[in-house]
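First up is the structure itself, then whatever we jot down about it.
Note that the chains are named A, B and C in the order they appear, and that numbering of residues resets to 1 at the start of each chain.
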Amino acid sequence: MGRASVFIWSDEVLRGIMDEFSSWDVLRNLLLSVPWTLLLSVIAFIGGTAIGLLLLVLRIWKPATAGWFISWYVQLFQGTPLLMQLFLTYFGLGIIGIDTTPLMAATLCLSLYSSAYLTETWHGCVVSIPRGQWDASASLALSLNEQLRHVIFPQALRLSIPPTVGLVVQIIKNTSLASIIGFIELTRTGQIITNITLSPFFVYGTVALIYFVICLSCSTLGRSLERKFSFQQ
Amino acid sequence: MKVIPSQRLLEISNLHKWFGENEVLKGVTLNVDRSEVICIIGKSGSGKSTLLRCINGLEIFQSGEILVKDKPVKCNDAVALRALRQGVGVVFQSFNLFPTMTAGKNVMLAPKLVKHKTIFECHEIAKKLLKQVGLEDKFDSYPNELSGGQQQRVAIARALAMNPEIILCDEITSALDPELVGEVLRVIEDLAKDGVTLILVTHEMHFAKKVSDRVIFMHNGKVHEMGHPNEIFSSPQTQELKIFLSMTESIQ
Amino acid sequence: MSKFDFSSVLIAWPLFIDGLWLTCLLTIVSSVLGTILGIICAWIIVNGNKITKLFLQSYVEIFRNTPFIIQIFFIYFGLASIGLKMDAISASLVGLTLNLGAYACEICRAGLMATPRGQIEAAESLALARWQVFLYVMVPPALARVWPALVSQLVIMMLATSVCSQISAEELSYEASFIAGNTFRNFESFVIVTAAYLVLAIFERKLLLWAGPRFLFGQMKF
């Protein structure tokens, strides 16, 4: 479907209707690309969560062996630009011999990138739970599994909602960089339409507005989620 | 021609203050002369600290008047408050030293920023004052390296750096461990001997008896009884004061 | 491993140095200006009148809820189309500064609001003016409180300079793409540059965490 989008937005086709590109057309075409942004965001979040949770559990189970590996993993993704990571994933996959599309490379890279931030944040939430909770649950003869499942994770979950929502917003904003490796989402569409209409002020302004609405909605949703969870004390 | 400084430094007339619906000061009248040492005692909630904080404008009062050196305290006038506060120093219960500055820098800050003295002058003032409070070797120490008593003595030096004519002390030993109280009170005693005008809110009855010229007992937002420490402590006139003294004596 | 050919890329090391230089320049200038902007905005939001407060809060929300690439596209291309032209480096600096300013404002505001009331009262009782209380008594401890969070944000901004390559600012990422395009050694070129960024990020974090307490604010333990 990604490739089909490239065809639809080819320059020749669009130049033909250049003169009739009204403001409404701009908005409509931008909004049509929003589902791609959201798709990439959702996949990256799901992928990031899966990997992140795995790393989190690994870190708690075997802190000695897994610990340094995971901190290097996190350091790598937090200490290098996402743009470079995207390029490396895209060209790296090609070198391994995998014929990759921008969507594939973007999803893989963003999932790994998000997993690093998510696991670090969640680990911070687990670690911030007072020692007393661990002591009390251990004194009740709970196994590590049971401790985590019934005492630690529920509390950590509540603590983790605000920062996780923040990371979701970050993921949505980061999808904009996928445009650079050719994935057609909101930012790339904005660039294409700007080239046609030659009105970057209006087009990029509108793009910014659309991102703003999406991100702000997420933050607001997150806040009500936070309230719902804290109510269930 | 030598200008004779005025004798009456503080005049409080019929001061009323409300915290919302709650009237905390219900008509306080009080005068303080130069070089007097006044101790204000009373149980918590009697308005002692609030009264002190009204004097230098940290609390806003709704009616009545406060004259400091014949100038009225205007709570809304930032310029007037700054001028007032150059002549009124405060030492707080929780010291409130600035944590990112050394003891010396704490003392040097106000003379530099408000009186625009040179760094060298400020340094000399700070050294002299820290020596006066017995902390000359702690000039470069940070507040978190000092004990409570030492921090409070630095706070006193900081207040003295502006050369104020009145110093207000708001329960300055209440937050200290008992063994550290003495060193702070000794400094205050020396100040009293030097003729500094002091108004102290305190629970240290022995100290009040020893050092003050006048003791004021506050009850329910008013000056309930006032007099020489000998009269107040040995022969209290009102019932409330008798009860208060018996309660504090049983603790001490 | 014979697939990789780093030598043909490393020959172009002067270009990498040029890019590195611009990256450092962009980082340092925008870090200083952005932090100052953030502190001033935090002060105004806490103390200012309603209209400026609303304006600044909107600025902060807009810059925190839109992607950086769109922000610099808007500044570089969008503003130029309505008459406000600037070169790539200036547009990058404006974008980086405004972006950091928004994040720094939120971070510093949290730090400033945690100032104990007693500190402010003590400073006011010493007859300090409002701006003196802010600058000398409120800001240093606030910075000490939020320093780790602020340093993290500064490192994020340094990494964000890579996006400025998209408006042809010739910093490190731009040079990486340029060399990749010329040598057809995409992977090697980007690996070298990514490694450089990693070293920069580690170095910047260590340097700032060390320098903050030494030069910006005194030691302060909690």
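Note that in this section a residue touches a chain if its C-beta (ideal position, glycine included) is under 8 Å from a C-beta of that chain, and two chains touch if they have at least 3 such contacts.
As the structure is a computational prediction, the values presented were derived from the model and not from experiment.
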Indicate which of the five shapes (line, ring, star, complete, other) describes how the chains touch one another.
-> line
Taking each chain's centre as the average of its Cα atoms, which chain lies closest to the overall Cα centroid?
-> C
Could you work out which chain's C-alpha centre is the most distant one from the centre of subunit B?
-> A
Subunit A-subunit B separation of Cα centroids, rounded to whole Å = 58
When the centre of a chain is set as the mean of its C-alpha atoms, what distance in Å lies between subunit B and subunit C?
-> 46
Distance between the centres, which are taken as Cα means, of subunit C and subunit A, whole angstrom = 22
Where subunit B touches two or more other chains, by residue = none
As the complex stands, subunit C meets subunit B at residues 116, 118-119, 121-130, 132, 136-137, 140-141, 144, 217-221
Taking the complex as given, what residues does subunit B use to touch subunit C?
-> 56, 58, 78, 81-86, 88-90, 92, 94, 96-102, 105, 109-110, 113-114, 142, 144, 155, 158-159, 162
Once bound in the complex, which stretches of subunit C touch subunit A?
-> 3, 61-62, 65-71, 73-74, 77-82, 155, 159-163, 165-166, 173, 176-177, 186-187, 190-191, 193-194, 197-198, 201-202
Contact set on subunit A toward subunit C in their complex | 75-76, 78-85, 87-88, 91-92, 95, 169, 173-174, 176-177, 179-180, 187, 190-191, 194, 198-201, 203-205, 207-208, 211-212, 215-216, 219
